[in-house]
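You will see subunit A twice below: alongside subunit B first, and alongside subunit C after that.
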Partner chain A sequence: MDEMQEIIKNYVIKEYVEDDTELTYDTPLISGGIVDSFSMVSLKRFLENKYSISIPDDRATPEAFDSVNKICALVREFVK
Partner chain B sequence: MAYSDKTRGMYSEVLTGLQSAGLFKQERYIHSAQAADIEVEFPSGAPLKKVINICANNYLGMSSHPEVVKAAHDGLDSHGYGMSSVRFICGTQDIHRTLEKMVTQFLGTEDTILFPSCMDANAGVFEAVLTKDDVMISDRLVHASIIDGIRLCSAMHDTFKHSDMEHLEEKLQLHNDKRLKCVITDGVFSMDGDTARLDKMVELCDKYDALLFVDDSHSSGFIGKTGRGTHELCGVMGKIDIITTTFGKGLGGASGGCVSGRKELVEMCRQKARPYLFSNTIAPPVVAGVIKVLEILSASTDRRDKLESNTAFWRKGLTDAGLIIKAGDTPIVPVMLFNAKLAQDVSRDLYDEGIYAIGFFFPVVPQGQARIRTQISAGHEIHHLEKALEAFKKVGKKYDILGKTKQEIIEMYGM
Partner chain C sequence: MSNIGSYDERVNNFNWDIAEKELDFKPGNMINIGWYCSDRICRMGKSGKTALIWEGSAGNEKRYTYDDLRLNSNTIGHFLRSLGIMPGERVCLFMDKIPELYIGFLGILKMGAIAQPLFSAFGDESLFVRLDNAQTTAIITQKKHAPKVRKIMDKMPYLKHMIIVDADPGKPLPEREVAFDMERAEKIDRFELHPTYAETASVLHYTSGTTGQPKGVKHVHYSLISQYLTAKWVLDLQESDIYWCTADPGWVTGTSYGIMGAFSNGVTQCVLDAGFSADNWYRFIEKHKVSMWYSAPTAIRSLMKAGDEVIKKYDLSTLRHLASVGEPLNSEAVIWSEKVFGKPFLDTYWQTETGSIMITNFPGMKIKPGSMGKPFPGITATVIDAETFEPFAEPGKIGLIAIRPGWPSMMRTYWNNETTYQNKFRNGWYLPGDRSSIDKEGYFWFVGRDDDVINTGGHLVSPFEVESALLEHPAVAESAVVAKPDFVNMEVVKAFVTLKPGFTGSKDLDLDIMNFVRKKLSPLAMPQEIEFIDNLPKTRSGKIMRRILHAKEWGEEIGDTSTLEND
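After this line comes the complex of A and B, so read on.
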């Protein structure tokens, strides 16, 4: 567990989970129906603001956003 | 032949899948005019059955109102059957502009543009007024037609939790760098019958310089003291930038819709909205019918007042009978059953008792929230509602759900 994983997981829970669904770092977010493709926008903007990065639209795909671990991997590519 | 056996088989498989999942929709043929008492053929080929309709959007009982029917006849005689043209070529008659002005006055806005349906209004409006530099922030439970309109627009899209004003404010802050922000909501939400918090939304939109869009299809004609809609109910008439609504529900029930609001935004729709530019507008007899509806509703609040008292009677009757309903004041009254099969069984048994009401379940509503959605009308008399209540009690007793909590019903039938 690292800090980025926890921050992103907590954001996803606060933003998208409206019942007692348990979330792990590998829970499928988009394909699992927890985050709809529309709502990815706020997740992308949150990550960009939080880590002072810019994620190109063609990299912000449902596959790349499909779990906390995948999101962390994507963010790390852009963090300097 | 392009339509090969392989292609046919592919579609057959999909349709069979819908049937086995219990998601296959079947139409019921109504042989009478739309009203509280109707004659239905169901299933196809079955003898006609007289039933009480409690699932129509005929909130004000206008669908077969004799004055509206006569006005439509007169409109047909004076202005013909169709226009054979889109509006800006040779498809605009004097009555189209008359109706636009009447809607503007009725809703208390600056201008109005007609669309073939509210689905078309919602499909066209966002693309016409927003660009890729803007953001749309919508309630997570907005109607499917709004979702489609959002998909057709190049602006960024984000959502806020249903009716959660703190979450909306967070989103307005998050997107404060955008050229334009547009907050999007239904006035009355069609599945739960709850009402948007427009007073608070207006306050937030003022604070963050955002546009406010409201689809008032399940409100126009009867919500608010004089039936103008949720903006009247919430005391924010004149403060909503874009209202879309339909003439296919309370305002006559035939077809057609509109965008009403700030005059520049309406003009943008007239110049750019694709369903307006590339489709015929509302047919003349329907325009004449809606004009009569607005005349009737502007002259008296009798029908919305009757709807209000019918709704109170119905809500109290269901609650006293021990059924679980969604709280609220609107004529959309969902009877909660939680389990999809139970909702379908109750609907079937109600039909046997002469009551026409439909079960809704996933994916139309969230998993575990299956229900019978009942909709009350000013066309109902108390004897209709009493008979329907007796049927609900009888069927509710059969399934042992009267007086039971949500948890107890779920324990008996599952989610």
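After this line comes the complex of A and C, so read on.
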């Protein structure tokens, strides 16, 4: 467990989970229907604001956003 | 051989009684969509045929035969009746694409109530205005969506029941809430249908306009005549097909062709209740040997974006026929699908109010990529002058799409809004609100909407609704919402916002406003971009000039600015 994983997981729970669904770092977010393709835009914006990065649109794919761990891997590519 | 055969022959010899005869319906007799989609198929000797293959996001699968459809819809109908729900009352379906949604729809219709499907991603405000307008008596939902309903329950004394299909066993529920487990409920084999007739209300779907609140589009049981025949001739549903309609029944395609058109034709259909990913979609087609695929331009463009390499991992050779709906399908997507799937996606044009396909490309017809195709047999459609409301005499001119009323699935009214309904007609034509032209060969070519409604991913979003939500955010003083071009979704929501004193535009505020609208309305309505500006363009009388902002986004001429207020 690292800080980034926790921050992103907690943000997803706060913003996108409506009931008491438990979330792990590998829970499918997009294919699991927790975050839809329209809402991905706000999740991307959060990551960009939080980590002062810019994620190119062609890298913000449903596959790259499909779990907390995958998001962390993507973010780390852009964090200086 | 396709079901339609020769398009020209069908046009010349068309009468809606073709469908009536095939469905053994005689004018004046009872007609109940729930019965036609389940019991009738069983009576045809197909009770053991698979009707629905459902797959969840975890890959879990459930299968239902037509007899299962019959029994379970009887059971739901019986349960609703036992709660005291009366024919004609509105019962909302607020669920993900789970089996209870599809079968519950049929059960509601069997007991004579009106099915009111709503998109499960709607936020509490979007949900409330639609339930309030319909004065909905009951809502069927899942425990994951129940908190949104509970949030507004106190404002809805008319909502007598919240039915939860996956409630935790043994866990007590608050007042007005009740559990119903379709799988475990005692099955009702013999169910007395409510006597519904051609003009009995069946479905209430909500759609958005430029101004005012969303409109409830009222359909009747006779709509099945259109849905059955268009599904047969346009989607070309055949006995051996495995059919996949990717639409959510929270929207009209998901009911007209994801339930009514499919089941009344006795076809096997599959449903994927999972978020989008190219890999997962192709895997699904391969696994279930999908042969007829009805999808949307947004999904098709997302697949294009995912590239061609991923396609090579899967055997998609079962695909026989592809069609698309929701917004105009661009020619590049048609050409791409021909290249990668060996067949083009055929564009179909219709809307919530028409209830069934109006203008379309047919199997066997010469396809002009980017064109909407030609009117369905029995549909008189043309393009009229926006000033005179008369059809153009010569081809190529851009005007309003106009359809002669009278087809079976035409909406009967807007719920509690007859004036707006009447305003949809001019000079004897129904006006869907879109512009197009017709070429020399009679093909229609879509140009755009005739109003400010935003078509994002095939769903209509009212700028008025988003602007109203924005004004409830503590930082927002004024707002104007327009469409912004987008490769995947055709259009997305863009908001121009002025801030109240003490607030400054920032990235964090931008995100806060986005999330505020998303939760209040829906992810579709969330502005994908927010621009903070000092002043909105207004007329001298103070009306916000949305068209100036729209023109700026689309790189168009701003036009007449003589009424623009001077700063």
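Operating definition for what follows: the second predicted complex is superposed on the first by the 80 of 80 C-alpha atoms of A that agree within 3 Å, B and C clash if a C-alpha of one lies under 4 Å from a C-alpha of the other, contacts with A are read in each partner's own complex, and residues count from 1 in each chain.
One rule holds in what follows: a residue touches a chain if its C-beta (ideal position, glycine included) is under 8 Å from a C-beta of that chain, and two chains touch if they have at least 3 such contacts.
Just so we're clear, the structure is a prediction, and the values are computed from it rather than from any experiment.
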Query raised in the report: Touching A:63, do we find subunit B (first), subunit C (second), both, or neither?
Result: second
Query raised in the report: So, A:28: does it touch subunit B (first), subunit C (second), both, or neither?
Result: second
Report task. State whether A:10 touches subunit B only (first), subunit C only (second), both chains, or neither. Result -> neither
Query - First (subunit B), second (subunit C), both or neither touched by A:41 - result: both
Report summary line: Larger residue footprint on subunit A, choosing between subunit B and subunit C, goes to C
**Report entry** Set intersection of subunit A contacts, subunit C complex versus subunit B complex
**Finding:** 18, 36, 38-39, 41-42, 45-46, 49
Query raised in the report: Mind pulling up the subunit B residues that touch subunit A in the complex?
Result: 138, 150, 156-159, 161, 171, 174-175
Report summary line: Residue positions on subunit A within touch of subunit C in the complex are 15, 18-19, 21, 28-39, 41-42, 45-46, 48-49, 58, 61-63, 66
Report task. In the complex, go through subunit A and note every residue touching subunit B. Result -> 18, 36, 38-39, 41-42, 45-46, 49
Report summary line: The answer for subunit C against subunit A in the complex is residues 57-58, 96, 121, 143-148, 273-280, 302, 305-306, 456-457, 507-508, 510-511, 514-515, 518, 523-524, 526, 528
